[in-house]
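Structures for review follow.
After this come two complexes, each holding subunit A, first together with subunit B and then together with subunit C.
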Partner chain A sequence: MSKDLNINVHHVARVEGHGNIVIDVKNGELKTVELQIVEAPRFFEAMLKGRRYPEPPQITARICGICAVGHTTASLRGLEDALGIEPSTQTLLLRKAILEAETLQSHVLHYYFLVAPDFFKASSVIPLAASHPEVIQRALRMKKLADDVITVIGGRHPHPISMVIDGFTRIPTESEIRGLLTRLKESLDKDIPPTLELFASLKFPAFERKTDYVSLKHPDEYAAYDGLIYSSETGETQPRDYKNKVKEEVVLHSSAKHAKGPFKPYMVGALSRFNNNHDQLSPAAKEAAKKLGLVAPCHNPFLISAAQVVESVHNLERMIYYFEELLGRGLKDESTVRQTLAGWSAKLPAVKKCWGVGAVEVPRGILFHEYRIDDDGLISGANCIIPTGQNLANIEADMRELVPRILDKPREEITLLLEMLVRAYDPCISCSAHLLKVDFV
Partner chain B sequence: MSAKPKVGFFSFTSCEGCQLVVLSMADKLLDLLGAVEVVNFREASSFKSDEYDVAIVEGAISTVHEIEELREIRKRAKILIALGACAHIGGVNCIKNFANQYEIKKEVYKDKASHFDSILAQPIDAVVKVDYYSRGCPPNRDGEEFLEIVTALLQGKKPYIPNFPVCVQCKMKDNVCVFHKENPITCLGPVTRAGCDAACPSFGNACIGCRGLVDDPNLDAHQQTLSEAGLTTEDILKFYRFLNGMMEVGK
Partner chain C sequence: MSRTLVLGLGNTLLKDDGLGVKVIEQLSHHSLPAEIVNGATLGLSLLEILKSAERTVVVDAVDMGRPPGTLVRFSAEELLTLPESRNFSLHEIGLLEVLKIGQSLNEDFKNVIIIGVQPRDLTYGEELSPEVEARIPDVIELIKKEVG
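Showing the complex of A and B:
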């Protein structure tokens, strides 16, 4: 079939950050497929150079308003890896709980506010508030619950206050945790069933393209806070060797550097985690996957949203588990046994030259933070690899395969499908335009 | 202002967290939606309109293209509100201003450095007139202050913004001063405009100055306090330049 088609979606809506889709087809032949990132370059790694070593968590939190906790956590883990610090069990439980909460709020925001309007043929969630008030009330209630967990542990949402090296500057009270626990259980009972019903009823576009699914993997749990890098194609990699798996490339149409595996584009995020670790999902999350008809391995990127719904159920159950653990152990002020280091601690212990890597699963996939600290205690090099940067090449590969298959559809439908594809990946463009790698000396 | 003013949200160089805070104000957001008509909110909606009465702008300006876009927004809007620290004081983006601009671009984009549009980061009032500021990184009190400002404007009133330092609100909350903790933390509370209910010191951490400086800050005394606590002059500069790189007193 010979057909000319020129699509240019300027600033794709309902994604975080500024991106354009550009498709050019001449005589049925695909000339250009680009997801352009037009976010202003942000130079975060350059900002970190020369900063005192406990500062990066607070600075890098501000890379992203959605996954500030994820950046803070990856940053803390990278620094603690460098400094050889192993936080207490209580710290780990609190960090894991707040990470689950952040993934939940991000997923809810994505599938209810950003994805669902496409299925109701609405431009946004605002008309939906009038036509389907109960759906929106539920979405807001779930988001509020997740935000409140973040606020109780981290102090606010976004940009947590309390998360510092080796601990927290404030420990939640028992009654705060109990209050959240009641609401988490309620949400599991009342919000999840209608959520599953709604998303089971939506008809996601049928499109499959097998790719390399990359996520963290941990022997004991559905990996989030730590684990090895696992690729469905090439197996395991140690976090400190992440550069063997990930390489950033400068692509002229994008201020976000594209990250690619050594051989080909790969996918990170909810669907990769589901494909690699579905056996370790919580019981209700496994049930949820069944209800949504999501079976691993799943090769349809539009179903990333379904994987996010499944993960939300897991997020709720894990938070309940962590909170019950914390209450069982009794919450302790650990400040007498541990010297937590905040960004602006007055006196910092001397350090020797060191480096470390933190790899954490955040809503959109694996986030890497690498730091090099010098003898003077200042950051001498930093590198942050953002999930969306890792997915960009994969999104373009999907578009390259999808466009020829739908070329006979009307232009509006093609555009909508491409926008839906990009949105399915939940790209966080302000994050990925962080851009800058400081070369280590 | 007419019964249902048209409101547009716009985003420049930032984490877009300010818009998310607005989105997160769950129940209250639905009430506000009854009082205004949101005509541009790209992060939440694919509907766009070029007609609006109130422009709410988040983010700092860090490219030539952004300067042009912001000027266009100013031309159309009757009222322009800066939302959050990036728009208000430049925020975290300005840290890069103190490095060699050519070098940092080259480090990221190698030989393609000249291809990417990037200028010194600046608050939006370096480019256009701003009518009101909603401060904070993120907007303080979970967006409550932003809501109060918008509500006041809708009622034709002048929003109330405190003009005393964070220390006042911190003392009112009976916090132990973070300078006096067992492991002391240094703090920008003494020179930073209040209005956040001392959120950070109340959570055991430092005020990082996200609301900008108070009208009449005692900077000399503050610098002395910081240096007595153990910070070098260079550390002190870095601390101020975390969010207040383009420091301006009393904005």
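Showing the complex of A and C:
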């Protein structure tokens, strides 16, 4: 078929930050497929150089207002790997719980506020709130619960303040944990069934392209806090060898670096985790996958949103498990036996030149933080590889395969499908200014 | 129970966007009959905070296209007459979008007022422009009048 098509979506709506979709087809032949990232790069890595070694968690938390706990955790794990510190069981349980909470709030925001409007033919969540208030009330209630877990454990939402090297500056009280536990169980009973019903009723676009699914993998649990890097195509990689799997590449049309595997683009995020680790999901999450008809291996990127719904159920059940563990053990102030190290600590133990890597599953996929610390205790090098950067090449590969299959559809429909595809990946292109823009007349 | 909030918004890494948070930090040294809340870059979570209070004074950088440092006071109801941004996302979800969602859910924001200052510079950096910094005492005076 010979057809000309030129699509240029300036600033895709309902994604985090500024990205453009550019498609150019001449005589039925695909000339250009680009997801342009037009946002200014932010150079956090350069900002970290010369800082005292416990400072990165609080600084890198600011990379993102949605994944702040994820950045803090990856940063702490990278530094602890470098320093040879192994945190206590209590610290691990608290960190794992807060990480589940962050994934839950991010997923809820994505599938209810950014994805759902497409299926209700609403331009954004604002008209959707008017037409389906009960849906949005439920989403807000779920988000508030996850936010409250982050506030109780992290001391502040969205940017946690109590998470530091080798522990927490404040341990939650048992009554705080008990209160959250009751609400988590309620949410599992009351919010999850209608959520599953709603998302099971949506008809996601049918499109399959098999790719390399990359996530962490852990022998004992659905990997989130730690594990080996696992690729469905190339197998396992140690976190410290992450550069063998992830190569950052600068492309002309994007101010965000593209990360590609050694052979081809790969996908990170909820669907990769589901494909690689589905047999380790919590019982109710496995049921949820059945209800949504999500079966591994799934090669339809539009179903990332369905995998997020499944993971939300898992998030709730895991938090319940971690909180019951913590209450069973009794929460203890560990400051007499362990010295926590924060960016604001006056005196720091001397260190020898070292380096380390933290790899953590955050809502949108694997996040890597690598640090080099010098003999003077100052950061001499840092590298942060963000999930969205890893997905960009894969999104373009999807678009390259999707466009020829839908060329006979009307232009508006092609554009909408491409926007929905980009949105499905939940790309987080940046955190931007939150100021008000007001034109007073 | 009557609860009054002073809520500072903004990103302290984007120069003048950090105004709301800087004001909040200074207010913690004053004794006010109100709860001081650092809303920073919270988006949708602001809705729950606004709902929890009887009365809220929001402090934020407001781009009105006026000379830098211009101080304004307006109500949430006035703000709600403006159209929301097309590029809706959750990072960029601003106060206006939060209020619009709340309005759709039949929340009432009669008792929310906004004190704003026109920024000059929103590039990376932790310091405020001199024109904006110089306005902080006026902002604090205005807040005291509002909650006093």
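Here is the rule we use: the second predicted complex is superposed on the first by the 430 of 441 C-alpha atoms of A that agree within 3 Å, B and C clash if a C-alpha of one lies under 4 Å from a C-alpha of the other, contacts with A are read in each partner's own complex, and residues count from 1 in each chain.
Simple rule for what comes next: contacts are C-beta pairs under 8 Å (C-beta built on N, C-alpha and C of every residue); 3 or more make two chains touch, one makes a residue touch a chain.
These numbers come from a predicted model, not from an experiment.
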item: First, second, both or neither for A:140, with subunit B first and subunit C second; value: both
item: Subunit B versus subunit C as contact partner of A:343, first or second or both or neither; value: first
item: Subunit B versus subunit C as contact partner of A:227, first or second or both or neither; value: neither
item: Which of subunit B and subunit C A:87 touches, first, second, both or neither; value: neither
item: Touch count on subunit A, higher of subunit B and subunit C; value: B
item: Touched partner set for A:65, first subunit B, second subunit C, both or neither; value: both
item: First (subunit B), second (subunit C), both or neither touched by A:109; value: both
item: Common interface residues of subunit A - those touching subunit B in one complex and subunit C in the other; value: 11, 13-18, 42, 62, 65-66, 109, 113-114, 123-126, 129, 136, 140, 143-144, 147, 157-159, 430-431, 435-439
item: Residue ranges of subunit C in contact with subunit A within the complex; value: 9-11, 13-14, 17, 40-45, 47-48, 60-65, 79, 82, 84-92, 94-97, 100-101, 104-106, 114, 116, 119, 122, 124
item: Subunit A residues within the subunit C interface of the complex; value: 11, 13-18, 42, 62, 65-66, 109, 113-114, 123-127, 129-130, 133, 136-137, 140, 143-144, 147, 157-159, 428, 430-440
item: Residues of subunit A touching subunit B in the complex; value: 11, 13-18, 39-43, 45-47, 49-52, 55, 58-59, 62-66, 68, 109, 113-114, 117, 123-126, 129, 136, 140-141, 143-144, 147, 151, 155-159, 161-162, 164, 168-170, 250, 252, 255, 257, 335-336, 339-340, 342-347, 419, 430-431, 435-439
item: Residue numbers on subunit B that touch subunit A, as the complex places them; value: 11-21, 23-24, 26-27, 29-30, 33, 38, 41-48, 62-63, 66, 91-93, 95-96, 99, 104-105, 107-110, 112, 115-118, 137-138, 142, 179, 182-187, 199-200, 203-206, 208, 229-231, 235, 238-239, 242
